[in-house]
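In the two complexes that follow, chain A is the common piece, with chain B as its partner first and chain C second.
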Partner chain A sequence: MDNRRKRTLPNQVRRIGFPVVNGIWRMGYAARFLILTLAYSGVSFRRFRLTVREMFFTGVLSLVIILVSGLFVGMVLGLQGYDTLQRYGSADALGVLVSLSLVRELGPVVAGLLFASRAGSAITAEIGLMKATEQLSAMEMMAVNPIARVIAPRFWAGVFSMPLLAALFSAMGILGGFLVGVVLIGVDDGAFWSQMQAAVDWRQDVLNGVIKSFVFGIAVTLIAVFEGYDADPTAEGVSGATTRTVVTASLAILGLDFILTAFMFRGVG
Partner chain B sequence: MRDPVTPLSSANLVEIDNVSFGYDRRTVLSGLSMNFARGKVTAIMGGSGCGKTTIMRLIGGQLRPNSGEVRVDGQVVNRLKRDELYALRRKMGMLFQFGALFTDMNVYDNVAFQMQEHTGLSEDLIRDLVLLKLNAVGLRGAKSLMPSELSGGMARRIALARTIALDPMLIMYDEPFAGLDPISLGVAAQLIRRLNDALGATSIVVTHNVRESLPIVDHVYFVSAGSIVAEGAPGPMEHSEIPFVRQFVHGEADGPVPFHYAAAPYAQDLGLEARVG
Partner chain C sequence: MHRSTLDLWVGFFVLAGLVALVFLAFKVANLGSAFSNTGSYKVQASFDNIGGLKVRAPVKSAGVVVGRVETITLDPKNFEAVVTMHLDNRYSFPSDTFASVLTSGILGDQYVGLDAGGDDQKTLKDVGKIAKTQSAVVLEKLISQFMFGKAAETPEAKK
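Our next item is the complex of A and B:
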């Protein structure tokens, strides 16, 4: 018997239609899941200890990769920035270039991408394995809602950790830029800091960066907990879900970044 | 509180009444009726995939039947609202096949979990209760180990201690003997019986392990393809002449349950027919 689908028009339409319908269905399911998570978030705040514990796993354990990456990104920015700026005789503006790139874009985005691959994948794998080994089922049988007890604390921990991690990334990046630009190359110390201070606007740059990282935190953590909760309870299911978390969350960060930037920096020079 | 409609003297704690259940097109249970007497240990036996675990999930309210009723202590499980179901589940305990211990907590916290979630007891009292439960399964000394440090048999016993943490009226065991060494097997079987009698609970044991379970149960249901093939006290069942029961109890390879999965004739699969023809 020939099992291959013939390339007839209805089959072609079906081949496009199925993933689209499936994708929309999953988005609806994820939205419903988010509403449930928010509705059962009471426990995460009443027993804040639960959320703090998860913040250790998602936030504190991500520190090393965030800090080291921040430092190196800042150092590279220092090198590249100096190389370009000194051609126009404005090497003193290095501090501005480094800090604005980090606070506005690289801080939230790169920290978000690292967070998705370090913490997001760990959250998905953990929840997926809890499902595969019937721990979530057991919890339900003990009259404890897994969404309130397992999902919501992890969700809020991710949402709170992400802006802090992005801020630390930016801070380390600026330090990296300073090390390369001022200490190594010899850009004027005073100019580096004072120009930075004058150019970086609290609301326009810093706050918008914080808002971005907060939005990325929601997106990454929601995708991570959802993929884990929705994973097939098998080894393949959990590994597939972990991969999907990293891919989907990274794309979501980049897509959301464009949308947010377009709204935030309208008409800003 | 009990449902006022149900007489208090009802001899059965759990009643499954003409229940059918299926996923999409696949029927798992069809018109199944079972009763589980108060204070007794009842076994549900059958081959893998015959719907045994489904029965437990229906009793626990994790699945809802397509038709029929599941009653636990006079309440119709499949018509309960979420809060009512959770209230009922506090009086039930379920031991999962591989224990399902929470891997991010140590043994102590696993056993204390329900007490901390559901009771307002002080930490001191919870500590005493946890030690009591752990002592009952002989593993008080393992209280600070993580689940990854336990053997399969130990994990199962810890899970049992967790299951009985709130002294449930109904304890369900999903394949409690699967993958245990001979010593652990005997220990597990004795624990099931002793705990049931000590707690005054009712137990349901889903298993395919005949030798360990028959001596400790009061009643047996044999289930095949989603319906009851035979039931009765374990003694007569052991010598039953019903073909399925005989095959099951004596572990015969072929019988009403065929050795071969449904397939096309062998010769045809090997392509011999064409050559001969």
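Our next item is the complex of A and C:
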């Protein structure tokens, strides 16, 4: 939108009203865009190669940052958790603390935030640049639907990649916690694993974490492809859209996480 | 040629993700022990007070987990807590087995402890109900008993 012209208008009411109306307008457009993407996603499954190719760019290229961050988050959890737990003489519960915080919260959320900034921004920039260089219009001229050919494979690749990345993050984090807690500090090996296995429930904890990461995957990738598709076809527009992707997707993850947690873990004590 | 290496990487990625999920399921959440279940049978027990016993709490005999608490309801007639447990088919107990609500450690979770009785005719599986139970020890009651006991014995000590 031509924000510059709007900002010079002396009308204060309009300065407040425009972002609100614009936001609602974009939300509706995004919803219609999601339905269109779902409707045209047959191609991304019939020609699964397209989706696999995008999974390389969203999933495989995010692996390094996810694995390294997971390991370090787990190691820090091990250090901090041990420091607090040993005050109460329950350092054996370190495995429970590390695994529950990773599987329930940190795995999906931090992996989602990293995914938004690593893969989401790349998707937005790529699609925005395709739009700026009129590749999308060229596809339409050749009777190729750009939503089916460009948007839907990226969307599904992100939706598939996100739960896998979150699981890898959690697993690496638990290994990191094990490394610091057991190997470095010397918490009892058996207590670390057995207390963890007694406390972590497959359905309540692990599966809910997977569901969370799946929802985050949908949210982040939808925001990324939408911002790219909706970007102003200029260099400035693409850079603005990339920034908006990271900001909006991060906020969406945190907001959705609160809602999902409130549903999933209510009354669990 | 380029595409096949790309497929290989994606395959590796998916495989690694699934391995991580399996690791979380079996090594962290210990799903394996749930599968090794050889079936279970239902046993009911009534308690005056179950304290902080929760659904899915372990049922232990001699410290070994032999089952889980399935449901906890209140009997509307005599206001006793009815605890339904699923015990592993591998273990059978005499029908006069004693059930009590115990606490693991001082601040630990509560669980149902089973002490095997001496009846070698019938088993719990036939009866389906534990007759002899002991309620949870509620800390406030314990403290008040101790305090009243102390208050009662002081005049005795003065004499």
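Just so we're on the same page, the second predicted complex is superposed on the first by the 255 of 269 C-alpha atoms of A that agree within 3 Å, B and C clash if a C-alpha of one lies under 4 Å from a C-alpha of the other, contacts with A are read in each partner's own complex, and residues count from 1 in each chain.
Methods note: a residue touches a chain if its C-beta (ideal position, glycine included) is under 8 Å from a C-beta of that chain, and two chains touch if they have at least 3 such contacts.
It should be emphasised that the depicted structure is a prediction, and the values quoted were computed from it without experimental measurement.
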| item | value |
| --- | --- |
| Clash-or-fit label for the pair chain B, chain C on chain A | fit |
| First (chain B), second (chain C), both or neither touched by A:Q197 | second |
| Which of chain B and chain C A:V144 touches, first, second, both or neither | first |
| Residue contacts with chain A in the superposition, chain B compared against chain C | C |
| Touching partner for A:E134 - first (chain B), second (chain C), both, neither | first |
| Contacts of A:A152 with chain B and chain C, given as first, second, both or neither | neither |
| First, second, both or neither for A:A167, with chain B first and chain C second | second |
| Partner chain in contact with A:V206 - chain B first, chain C second, else both or neither | second |
| Chain B and chain C, minimum CA distance [Å, superposed model] | 11 |
| Residues of chain A at both interfaces, chain B in one complex, chain C in the other | none |
| Chain A residues within the chain B interface of the complex | 126, 129-130, 133-135, 137-145, 149 |
| Residues of chain B that touch chain A when the two form their complex | 60, 62, 86-87, 89-90, 92-94, 96-98, 100-104, 113-114, 117-118 |
| Touching residues on chain C, where the partner in the complex is chain A | 3, 6-7, 9-10, 12-14, 16-21, 23-25, 27-31, 33-34, 54, 56 |
| Contact set on chain A toward chain C in their complex | 49, 52-53, 55-56, 59-60, 63, 99, 103, 161, 163-165, 167-168, 170-172, 174, 193, 196-198, 200-202, 205-206, 209-210, 269 |
